[in-house]
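Take a look at the structures below.
Below, chain A partners chain B and then partners chain C, in two separate complexes.
Our next item is the complex of A and B:
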């Protein structure tokens, strides 16, 4: 479950030691944009030490490394690769850099004798990345794609607005490519941490296009994002009624049924089943959740 | 004289400064010195040993850092000292 992924600056001990208490489904320990050039080495040591000593419970742990062109990628990966890490978040992803990342990861996994294969969550945040999204989504190790709205709009030399119309195409492209590949589509962070209503609107737009979660940059964004990307009471109630009506129709030997005058066919029943499945994964689905 | 330092004076962090020296000398200035002086000393000393450092003057300005933070700051400071 990757409804909310919280970025934590890699050189900030106070935030690192509280990273898993805010209720995000996952945390991204950041060695890239949140760390100044002068502090890259110290942040790398700090993140390495936290990964070695800290127990993160059920919270998924990822690290955003510096990209291939920075010259720091090898050192970052060597420092953080271990059994607690589920995935590397890779910035400014394109196919060429992902191939090199895969090669370095394979070599390090062999050398360190890791029992598991580290996943990759590429950040698509350039025009090239968007064009290559279909191939990125099916690339080995890739278990999700994160949209990077700020860098994408910078690359396109366009303005990022609160309404986000300029992100409509990359959002749709990523959501569909991820769905087709069976991986997670994760939306770009919303930059204004003080505007909860706008964050909720932004998250709902992403959800309506097929995103399953959203990166967040402040703990106060987590509750809203977790709520938006979990089924709400109306969806839950509808899904239960659809599944019940479909089961009833099957008992009667009918191929299709109806609910409130609308036909329930196989796609509708499947959508309802997925809502119930997601509700269960979010810890919802008990009788109280319909109150 | 070679010198390296890492960390900050922010809460939960420590500023660790390491200078080349003879033997290991550790000076600790901590907001929790009364309770954790020995633990801080042990964390710093242990990390220096792991790094194979046998001669260093270390100054620790501690603002409540956990052991794992101290170890990371010592390691970064030593690497910076060694260039």
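Our next item is the complex of A and C:
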């Protein structure tokens, strides 16, 4: 589950020490934009040692590497690739660079004798990336797509607003492509860490379009994002009643059932089942969660 | 001699035999100070010393409501030094870094005894370094009141800083340019010291709500200034924005809800430390969501509690000490913001019951906590004195549920350990520890454990918390402390719960 993915600068030991305590579903150790050029090698070493020594429990661990054109990609991957890592987060993704990334990863996996194949979460943050989203979503290794709102608006030479109307198209495009490919759609981070209400609104917009989670840049954003992307009480209650009504109808030998005067057909029942499944994965579903 | 926790007890002191051991003993109470015939007004400290015949070997007491802005203790110390007095005992309710000028007096033998509830800064360092001739005594806030009222701590003269005094000698802390709010810690001194001197920088025709009664005041000494307002109270107590502290605070509020501590009419106290205080807004949110109101909040009062009083979420504040200017204003203006004395707050023998005994829960901090749930807030892990109980042991014993909040690892040091350097509060009085990597419940509270089942909170045995910390930091090597005993840490009943030994230097 990837409701919340927390970015942690790869060169900050104090933040790394606490990266896994805030309840984020995953952490993204950043070697790219959060790390200045002079710190690149130190961050790479620190993240490597951190991955070797730390126990992460149920928290998923990814690393955002520097892109192909930086010249650091090979060194980054060589340093961090190992069994604890589930995925590489790859910036400014397009098909050409993903092909090269796949080639390097395959070679490193062979050389290091890794047991499992490393996944890739490309960041779609350019006009080209958005255009190529359908193909990126079905590219080998890709298990999810992260939208990068800041770089996308910079590439488009448009203003990034609080309301985010300019992201409506890439959001819809990514959400649909990811659903079609059966992978995770992860929304862009919300930059104003002090405004909890605006973060919640932004996350709800993403959820309404079909995103399953959101990247966060501050631990204090995690609780809100986890809550938004978990089923809420109303959804949960509705889903339980739908499943119960459908089961009841089957027991009585009826083909169709209804709830509050509305017919429950197959898609409705499937959606309800998915909500319950997600609730269980989020640790919800106990009687207390109905309060 | 060893006490029940296996800790050393110096000769001449009684050993700690459990938190409830003293309840079977009869409560001793000395007669309170008789009223004076006429309160004298003076403008000379030297004149006060002459009138009261202050001499070698006496005990002089002070309160700490002016905190790190206090001028009065240093003023009196300087007069003692000027007169060449020797072998005095100073008994301030707390000692702060601003009291550094007492260090040379300790070195010269002017001050050879110290009785206090908390010390931090150069005086604490001097005590830990073995410079004080006698063993310093570190009480709790309630224990100090008990010691004064029972005659265990006889006070010859109390020098009490008071922000405003009227012409009858009545004093208040809520008015005046050095206003510090409630004077709760000074009340036992004012009632039981042989002689009482109010030291003020403002004399008025009348004070609105006197906290100290002029009928028992021997002398009012007017001085140019009793303190530096910047050090007395902070503008507003700031809440932590540290995400680890906030996570601990959030989990603590969830835990309080799950164990049923947040019911209509509950009572609460939080320490003024960043993480403890950060629990307040989360509790507030739950109260608003569920329409709950608290009966009272007590202790050191901050702006957060004033806001809850003013918005009707808390019915009464029981204030022994104000921590910020909002609290001072509220104490002055709001009748529901009551002042309480140190005795009413935490004296184990206060009848019918001290406020701490009425608490549903208290949230406290810790410098160290061990596998027996014993808490240290007196020394750091090198044995340096960095604080003391204050109200820690009082509230931990009194409250129905005592929760300690702390980071599991601070500055690369594991906070949970096999055995704390110094015991301030016994483990039998501590119910839960909340850290960023898990929550441990004292096995003597199976009721709490049962209520946390299925709560989603990460509840683990305390030994597991230590193991998690050790996996991160390695097992620290602790310095062995073999120096002479420099301080006796007394539990609220006056028994010695632990000692502090001289730091190697």
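Observations on the model:
By our rule, the second predicted complex is superposed on the first by the 291 of 291 C-alpha atoms of A that agree within 3 Å, B and C clash if a C-alpha of one lies under 4 Å from a C-alpha of the other, contacts with A are read in each partner's own complex, and residues count from 1 in each chain.
The rule is simple: a residue touches a chain if its C-beta (ideal position, glycine included) is under 8 Å from a C-beta of that chain, and two chains touch if they have at least 3 such contacts.
These numbers come from a predicted model, not from an experiment.
In the superposition on chain A, A:55 makes contact with chain C only, while chain B stays out of contact range. Judged by the touch definition given at the top, the superposed model places A:219 against chain C, while chain B stays out of reach.
By the document's definition of touching, both partners, chain B and chain C, reach A:17. When both complexes are overlaid on chain A, the residue A:138 reaches neither chain B nor chain C.
In the superposed model, A:161 lies in contact with neither chain B nor chain C. Within the superposed three-chain model, A:42 lies in touch with chain B and out of touch with chain C [touch as defined at top].
Once the two complexes are overlaid on chain A, the chain A residues touched by chain B in the first and by chain C in the second are 17. Here chain C touches chain A in the complex through residues 241, 243-244, 246-247, 250, 409, 436-437, 454-456, 471-472, going by the rule given at the top.
By the touch criterion given at the top, residues 17-18, 21-23, 55, 218-220, 223, 283, 286, 288 of chain A touch chain C in their complex.
Chain A makes touch with chain B in their complex at residues 12-14, 17, 41-42, 45-46, 48-50, 52-54.
Against chain A, in their complex, chain B makes its touches with residues 6-7, 10-13, 65-69, 71-73, 75-76, 79-80.
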